[in-house]
Structures are given as structure tokens and as C-alpha cells.
Amino acid sequence: MSTATGRSGATGRSGAADGSERAGGRVVELPATPGLAGLYGRGVVGSARAAVARRRSVRPGSLPGTRLRVSGVRPDPTHLSDYQHLLHEGASDVLPAGFVHVLAFPVATALMVRPDFPLPLLGMVHVANRVEQRRGLRLGEALDVEVHVRDLAAHRAGVTVDVVAEVSVDGERAWEGVSTYLVKGVRLDGAERPDGARDSFEVPVPTGQWRLGADAGRRYAAVSGDRNPIHTTTLAAKAFGFPRTIAHGMYTAARAIAAVGPARGEAYRWDVEFAKPVLLPSTVAVRVAPDDDGFGYAVWNPRKGTPHLTGSVTPLR
Amino acid sequence: MTDTYLNLVNTGFTKKLAKQLGLPRPAVLRRHRPGAPLVPGPVVVLDDAASEKDADTVAQQLLDWDLDVRRHAGPEERFGAAVVVLTEVASPEDLSAPVLALGPVLKRLAPGGRVVVVSRPAAGATSPAAAAARQGIDGVVRSLAKELRGGATGNGIVLADGVAPSAPSAVGALRFLLSGRSAFVDGQLVEVDSDAGELPTDWERPLDGRVAVVTGAARGIGAAIARTLAGQGATVVAVDVPAAGDALAKVANEVHGTALQLDITATDAAERLLQHVRSRHGRLDVVVHNAGITRDKLLANMTPEKWDPVVGVNVMAPLRITDALLVSEALGEAPRVVCLASTSGIAGNRGQTNYAASKGGVIGMVQASAPALAAAGGTINAVAPGFIETDMTARIPFATREVARRFNSLQQGGQPVDVAETIAFLASPQAGGINGRTLRVCGQNMVGR
Amino acid sequence: MAAPRTSPTPAPAPATTGTGAGAGTTRRAVVVGGNRIPFARAGGPYAHSSNQDMLTAALEGLVARFGLAGERIGEVAAGAVLKHSRDFNLTRESVLGSALSPETPAYDVQMACATGMETVLGLSNKIRLGQIDSAVAGGVDSTSDAPIAVSEPLRRVLLDLSRAKTPQQRLKAVSRLRPAHLAPSAPTTGEPRTGLSMGEHQALTTAAWGITREAQDELAVASHHRLAAAYERGFFDDLMTPYRRLTRDANLRADTSVEKLAGLKPVFGKSLDAPATMTAGNSTPLSDGASTVLLASDEWAAERGLPVLATIVDAEPGAVDFVHGRDGLLMAGAHAVPRLLARNGLTLQDFDLYEIHEAFAGTVLCNLAAWEDEDFCRERLGLDKALGSVDRSRLNVTGSSLAAGHPFAATGGRIVATLAKLLAEKGPGSRGLISVCAAGGQAITMIMEAA
């Protein structure tokens, strides 16, 4: 099975699969961006292994220091167009931050399915994402993608981990994404669970709405390569406790930053916090509007007034 | 509208069948076609001895039109037309020779042939015998017309005493009656009252440069009038009610005229009409009061809703607009007003007291307005159509329609263009000597005069 | 390059408003008259008429009214909002189907609901510049005969299939087809960038400006009553040509009342905190129809003895950032009008007549409220005080879109022709202001004067 991501190949730097030590951990150079389908297979196995081990807690410091690296990634123009059309992005040659996330995602997944990663891949919930786009990346530039994990933290519902992806061109860091995932029901040894209630959500005046079809998950899966079955098949979604498939969090966040439009500039911070997942199909209310130092956005259920995600886009400099 | 029966008895197998069964066989009428000869064969000009000079004048006129003219009917010939000049008859006895000479010509008249009798009005005769002779001609014309077959027609021109056969309207009427333009005019006498009028430089476009208003122009006879007037050179302002605007626009565009959506019964109708014509064209030469409606009901059951609009549209509006026209600065130098009367207005019709009142009214209006128009250098006349194949008559039940249609000398209904051609003639410069008259376009309908 | 702003006395014209962009050395562009077909409700008598059918019908009526059969007009511009791809040359095709000379050039314009206004604006400018002497502006829309597109995946498959050269490529393309792809996708009135329908957008603005249900219903009733009265006095006799047996706008309800409208259920803004106030009665229905306007130079009209009703004095387009909620979708007119006024040295009260397109009753009322609002005028329009109020007895005096209906691109032509005739009736010196809002947060505003 080919994934859309598979089209974004690496320029064949000689496959130095062996690691080389670097500050903060061993760097493992992959010959090319890995295929996500295979990774999910391994993820299922790894998750099963974790389940067999009935691991209910993790030790602080148990995260591997390994950094996975793919060099010379050159995005495919058709892939970029497909992404831009689906996410309502402009037709520029500048890569949207969400698209760069898509490019880095298989590398991050590859890191998380390695045996030394202490948490199960399946069932991980994306609770927050922070991206710093330091400069605009352009189609044609060779991107070096490097991923590591850090910051195991206690959460009221389990434990969170940050997956950090860095994208550089010629040694200069241009993009950095930090995805925070929650693993429910797992405790961090020696840490108190914070009991802090969620921030209350005040329903804003909408500026728009999105009608997300039943196929919204499958369509983003095709473009992002993230074919996590909770987004694509009802059965799998039910297995994880959702009545229907749910939209990819990054899809909704990327729609929001697309709605900011050209006003965001080429360098910006893009933050999002995910609350309740968006069940598909559904029509959600949206507000994307200027605030103090950039744009704020929120997506919520217009009938219940409960938030799906909130975030901001802040131009840098 | 198509007359299926007429088509059947004139084509193929059904033509033969109709002949063998002795069914009435209405002919396909000879109508005007550009480029076709004025008459379908030689013309014989007959006269009584006293009228020979006038007959010579007529014959010369015909020669000027490049016609093959004979002063005597030879034995073997077929004729396109016969013109009988009887302007100077003094006694009924004088009719014998010319009328009997006409007899054999009728047998040899080509399909679509014409008989035109030129005479004088009985009212102007100086002796009872002369009056008898003149009135006798009226009877001859109406009777011979009923004898003619093959789409041939017989009509008369009655020249007021003092009006020469060379007067523009005498010449104009002669040419009209000989031509295909008078196809459905049969058994009628066209009265020429004066020498007024002017011969056109181009007989095909006598209305060149004239501005004509046609009311009720969206469809049927009105649309045909607009087309015919435009075809003869007029600039047409096509008027109809706003609700008929789409059909009206089609007609106006077809004739390269303008459309004016106007309810002619509105109080400001005349003002708006004249304002339109004044601003667009500067003046108005021809008004055709064609707009008309029917609301048939036996008088016993008549209501104001069925009476008043018929009178309002058919006669009150023409009265008001004509009045306004006469005092308007927009009036052209030789104005022509032509109204639509009806055979119902002459002979009456069951269930049409309202319609007959309005159409009879038109005939009276035309007679009474003639002096005023004459004073303005113009004329006012009416045309009384008989059964004409239109959307309106198509709605008559089949049996009634079939009877009405065949109940005339030509055994068929007329076409809208037949009415239009007669109106165009009355609107033409050459018709300036015809005023206050009502001319029937009815195929010599059996009802009325 | 900026238009020269010299002393405003164009040759054949009486004194005009003056300092407008076009009132310098250029000649006048005048409205000779207009023609439209009655507007039908969607699915009504024009359900099987195409945009080309209706535009041709409107054009034919105009040609007949002004005796233009066989004439070569300088240029014809029109457009449609909902447009079939086969109608790429909609206006030219309509011209070829009309009685106009086939040597009349034509082009299509699309500016959503302001399409008709934009055709008037563009063509009048060409006349003022002397590039053309006569023009027909217009617009048409059919929501009944709207284009239906295939779904995006099916479209991709079909395009790839048409490009495929080998059987393998064809097979590969076809194999991507899924039954769900066969569902057609119809155009919506939704804004692409917000996903909200125009009604939902207006509901946000209506709520923001606190416009009441009663005020909206009153405006709607006035629109119906005024349109009905205009028909009664024959006002439209020389502005309209019937089509498909329709002789009046099908949406017109002469007997409507505030009581009747009060019974209708709200249809927009139902999920907002503010009470929902927008109903089918105070919103325009989906409509079918077409309109045209004959524009000319004074000389061209005089040569043909044609009337000259009004002059196109100046116009100003506007747009707002509705995507991020800074302004309401249909509020661009509120921004454009003050710029237009300033350029022409006029105040909002210097007009005898106002035509504000009734996309929704709320649209008109929000624009009026904005001009009356001191804060809005200072902060958003950069003025030192409020523009002030509009005399409601001069607003939409023969009704507007709530009663007549709103075939998107046809509305501009309806309003320009109507206002031109109203100004001509009022007499020399009378002045009118138009504001027509459009999808995409746009508007065109215009000043006209009796000629």
C-alpha cells in the first residue's frame, strides 16, 4: 500500500543506518522517509507488547535519547497541491507548517514504534501541538528532518510525552514542532497527578463553520499518510471508545491556520490545544479572528457549546 | 392558422377526390409576392361608348405599368384581369354592351384573376336614369364577384363626380385591386372622394419615411399590420398592453421598429403615445387603431364587465387617441388614420352586441372624423375584416368555425396579411382621396352589405 | 494614474455633482432606460429557462423598447453568478441570439451579487472615456437551472481518464472510482472561506447590531407594498417585458403585513446567543431573472431621439474582512459609501433617493445603523462623526429585492434602471445613491443624478 507521504522521498544519501553520537543522544540516520503503513503494523505489535506487559506506569527518564534523522527530503509538488486543496491553503510554493508536520510525522512514528519507546502507539491521544516556523520553507529545498522525544509528564488522565521534530536546511533550523501525546491510564512513577480542571470555555461569536463529511478522516489520511484507523473506520473508532470515526486533530488545526490566511506571514508560532475530538460527520462552529499579537482560533460544537480545539497563530518578529 | 380543408382540396389525391365528390373547392388565393407580376396575364379594358376616354386613360396607366393591355377580348385568350370603365353611363341601357362583353372574359379569367369596374356614385347622378345605371353597376359587381371561381375577385372603384380616373387614389385603388395585395377583398366598391393623395415613387415601398403606430401589434392581425407597413417602408411603433410585451418585442425587433407597452385605455395613453413618437421620430404619419377585444355574451346575460372593456378598448381609445392626435404638433403632413371595424359591426352577430356596438361605433367615428382629418391634410378610414384565420378565431368551436370560414365567395377565411395589406393601402400616400370609408376584407361574406 | 480633477463642466451636460473621479474632462455616461423580465421564484415559470434564455429575453425587450434591432452597440457586458462552464461566452451568445447586430461585441463579468453594478460601472467608464458611445449592461441568474458538478474525486478520475494514453492507465484511473463519488455536488450560497451561508453571516451581523425582528419585518412589508404600488401606477410598463407568461415579480405579496410575517419561523442565526430574527419573510428568496440597462453618451442618445433619464456620476467598490469577523459579510457598502461621499463632496443626507439592495432586511438596517453609529464611523470609517441617518421615505421607494426577488447578477440592472427612472420623474438636479452588497464581503456603491 502506498501512502501519500511515500511520494515525498529522500534524496539518496548513502544509508548510514548506524547511529552516531550527538549531544543529547544517538542519531540514527534513515535512508528515506519510512512508510507509515509498515510502522503502524509495528505499532500494533508494540502496543500489544505493551499491553501484554500490562505496563501501568513508566519511570521518569525511561525515554530513549535516540534521534531519528532523514536527510534531503524534497516534497513532491503534487503532494503539496493535494494538501493545499484539502486544507484550503493558498497555492504558494511556501510549505504550510502543517504540511511540514506531515513530512516529519512518519519519522516521528518510526521513533515511537522502536522497542525502546516505553509507551504504546495505538490509543495515544494528541492533546497539544506547538510549531515554530522560523522562516518559510520552499518547494525544492532539501529538508533534513530529525525527531526525538522528551518530557514525560504527569497528566490528570495519564502521562504525556512530547515528540519533537526539527526541520533544517543546510544546518539552519527552520521549523520545529512539538506534539504532545497523552497515554491514558498510565502513571508516571513518583509524580502526583495534577487534578487541575480544564480551562472553562466561553463560546465566542463564530466567523465561520465547517461541514466535515464522513470521509474527512479518510481524505486527510490520504494526504497526510496518517491512516490511524480511528480516523478511517468506524469499527476501529468504536474499539477505542468513539461512537464514530473522529477527525484528525492536525486536520482541524491546519484548517484553522489556513483560515488565518496570508496575514500570518512566513514566520510564525502556531499553537493548538485539542479538547474533545470531532466526531464525523459533523458541522462545527469556527472562530478565526485577530487578537492582541496575532490570531486566535477556536472550533467548537455549536449545539453543545463544547470546544474541540483552541489555539493561536502569532507572527514572529 | 392553417385551413386544413383548403390544403386538402388543393393537393394530391384528396384534390381529385374532392373534385369527383363535387365538394366546394376553395382556391389558394393569389397574394402579393415581391417580383411576381401585378396580374397573372393580359388585361382587357372594356367600356361603354361614352366612357371611352376614361377607359383610354386607364389603359394607358396599365401600359405604364408594363402590362399586356387589350381593348377587346380576342377569342382564344386567357386574361389576368378585366377592367370595365363605366364612368359616363347615362342609362341602364348603356350597361348591356360592356357587361355582355365581360361575360365571355370571366370564363377565360386566370386563377387569381381580377375584375375591376370603374364607375360613379348614384348619389351624384344628374338624372334618375343615370342614377339607375350607376346603382345598377353596384349590383353587377356584387353579383359577378359571387360567380367568380379560382380565387378570382370582382370589385369596383366609385369615383366621385369630378374625380378623374387618373386621380392618385383612383390609380392607387386600381393597382391595389388588381394586385395580390387585395386577395381577400371581394365584391366591394372602393369610393374615391377627391383628387387628394400622391402617387408613390416606388410602388413596393409607398410608406418610405413614414412613421406608423400600430396598436395591438403583439400578435394576429396587428403583428401582420406591423410587418406589412414595415415591409412597405414605414418605421413602426408597435403598441400593446404590457402583459403582451414579450410577443410585442419580437414583432418590433422583427420589423426593426420600437415596442411601446401601453394600455390604450389608460387616461394618459394618448399623451404617452405621442410623447414616445415625438421624442423618437419627431412626428407621426400613420395610426392604425387595431387593438380590439371580444367578450361575447348574449345581451340577455350581458354584464358591465363584459360590455365596458369592449367599448373602452375598441372605440373609446381610438376616439381619444385620434382627438389627441389631431391637436398634436407631432401630426405629419398627410396623416392617415385607419381603424379596425368588423362585419359584426355592419351585419350584427349573435352574442356580440357589445362588440357590434364598438365596431359599428368605429364606422360612425370614421365617417364623422373624415372632415377633420381632411382639414389636416389626411384621411381616416376603417377596414372591416370578415372571418380571418387568427388565434382568436381558432378558439371558435370547430363546426361554427367551419361554417363561418366557408360562408363567403372565396369559401375560406382570410389571412391576417390580407387585412394588413388593405390597411397599408389606406395608409399609403396614394389613398389620400379615400376618406371616411369602411372597406370590407371579407371574401364577400354573405352577411351584411 | 489618477483622473484629472479640473473644473467639472462636461460639454453637453447641466452642472453635475462635480468633484467625482469621472467628472473632470470626460463626457457623461447616461442611462437611456432599462428592461428586465419579471423575477420568478426558483422552480417557478423559468425553471427550464437557462441563463442564456433569460438574458436574451431581457435583451430582446430592451432592443424593442429602444428600436435597436440591427444596430451595432458599442459593447454589451453581463454575467451570472451561478454559471455553467458551457456559458463561458454567455453574454456574447445572448447578443448573437438577439436582434442586435451580430457585430456587437460582448463580454462576461462576475462580481457575485454586484455583477450587474460592475457592468454598469465598467461600461459607463468606457463611455466617459470616449471608447464607446453606447452599451448594454446586465445580468442574469437562475437558481433553478444551476450547474451541478460531479464530485471532486470523480472529477479527478474523469480528468485523469481523459489524459490516460494506455489501457493500463485508464484502468488505474477507473479503479479509483467509488460509488460515493457519483453523488453530484451543487453550488451553495455558502462563503468558501467561512463555510457559512449568506443568511448565517447576516444573522451574525444582525445580532451584532441588535436589529430587531420587528424592524426587519416592517422593512420587508414596506418593500412589498411599495413594489405593488409601483406596479399599480404602471411604473414598470417601460422597465419590464413579460416572459413565460409571468408579468409581475412572482415573489411580490401585495397583501402581506407585519402580522403575517410575524408568524414565520426564524431560519437563520438559530444557534446564536441572540434571539433568531431572520425569517423567509425578511430574507430574499432564491430567484430566477435577468435585467439590462442601456447606457450611452448624450450624443448617441440624441441622434436617436432616445430619452436620457440619469447620469452615472461616480461609483466606489468596497470590501471587508468578514473572514476573521472584523466586519459583517454584507457590510462593505457601509465602508464604500463614505469614501464615495468624500470624493464627491457630499453628505449622506444630500440625496433624494436611496437604493440599498435588500439581500436581507437586516442588511439594509445594519448598514443604516452603522452610518448612524458614532463609534463605528470614527473607529472604522475614520470619520470625525457619524454619517447620520437616511430618510426612510426616500429609501427603496418602489420596493427592492425582498419583494422583487434577487436573481443575483440581475439585481444591479434592476436597481440602476429603476433609480434612473425615479430620478427622471423627480426632475433635474435630483440625486440618488445605490449600495449593492455582494458575496465575498464586497459591495459597489454609486451616485446617479437626473440627467
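In order of appearance the chains are A, B and C, and numbering begins at 1 in each one.
To be clear about the criterion, a contact is a pair of C-beta atoms (placed from the backbone, for glycine too) under 8 Å apart; a residue touches a chain by one contact, two chains touch by 3 or more.
The model shown is predicted, which means the values in this text are computed figures rather than measured ones.
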Could you tell me which chain's Cα centre is nearest to the average position of every protein Cα atom shown? C
Most remote chain, CA-based centroid, reference being subunit B: A
Taking the mean of the C-alpha atoms as each chain's centre, how many Å separate subunit A from subunit B? 92
Subunit A to subunit C: how many Å between their CA centres? 46
Euclidean distance of C-alpha centroids - subunit B vs subunit C, Å: 51
With touch defined as at the start, can you tell me which subunit B residues reach subunit C in the complex? 238, 242-246, 248-250, 252-263, 266, 279-282
Which residues of subunit A touch subunit C in the complex? 88, 203, 205-211, 215, 259-261, 263, 285-290, 295, 302-303
Given the complex with subunit B, which residues does subunit C contribute to the contact? 57, 60-61, 63-67, 69-70, 98-99, 234, 236-238, 240-243, 247, 304-307
Looking at the complex, which residues from subunit C come into contact with subunit A? 180, 191-196, 200, 204, 208, 271-273, 322-326
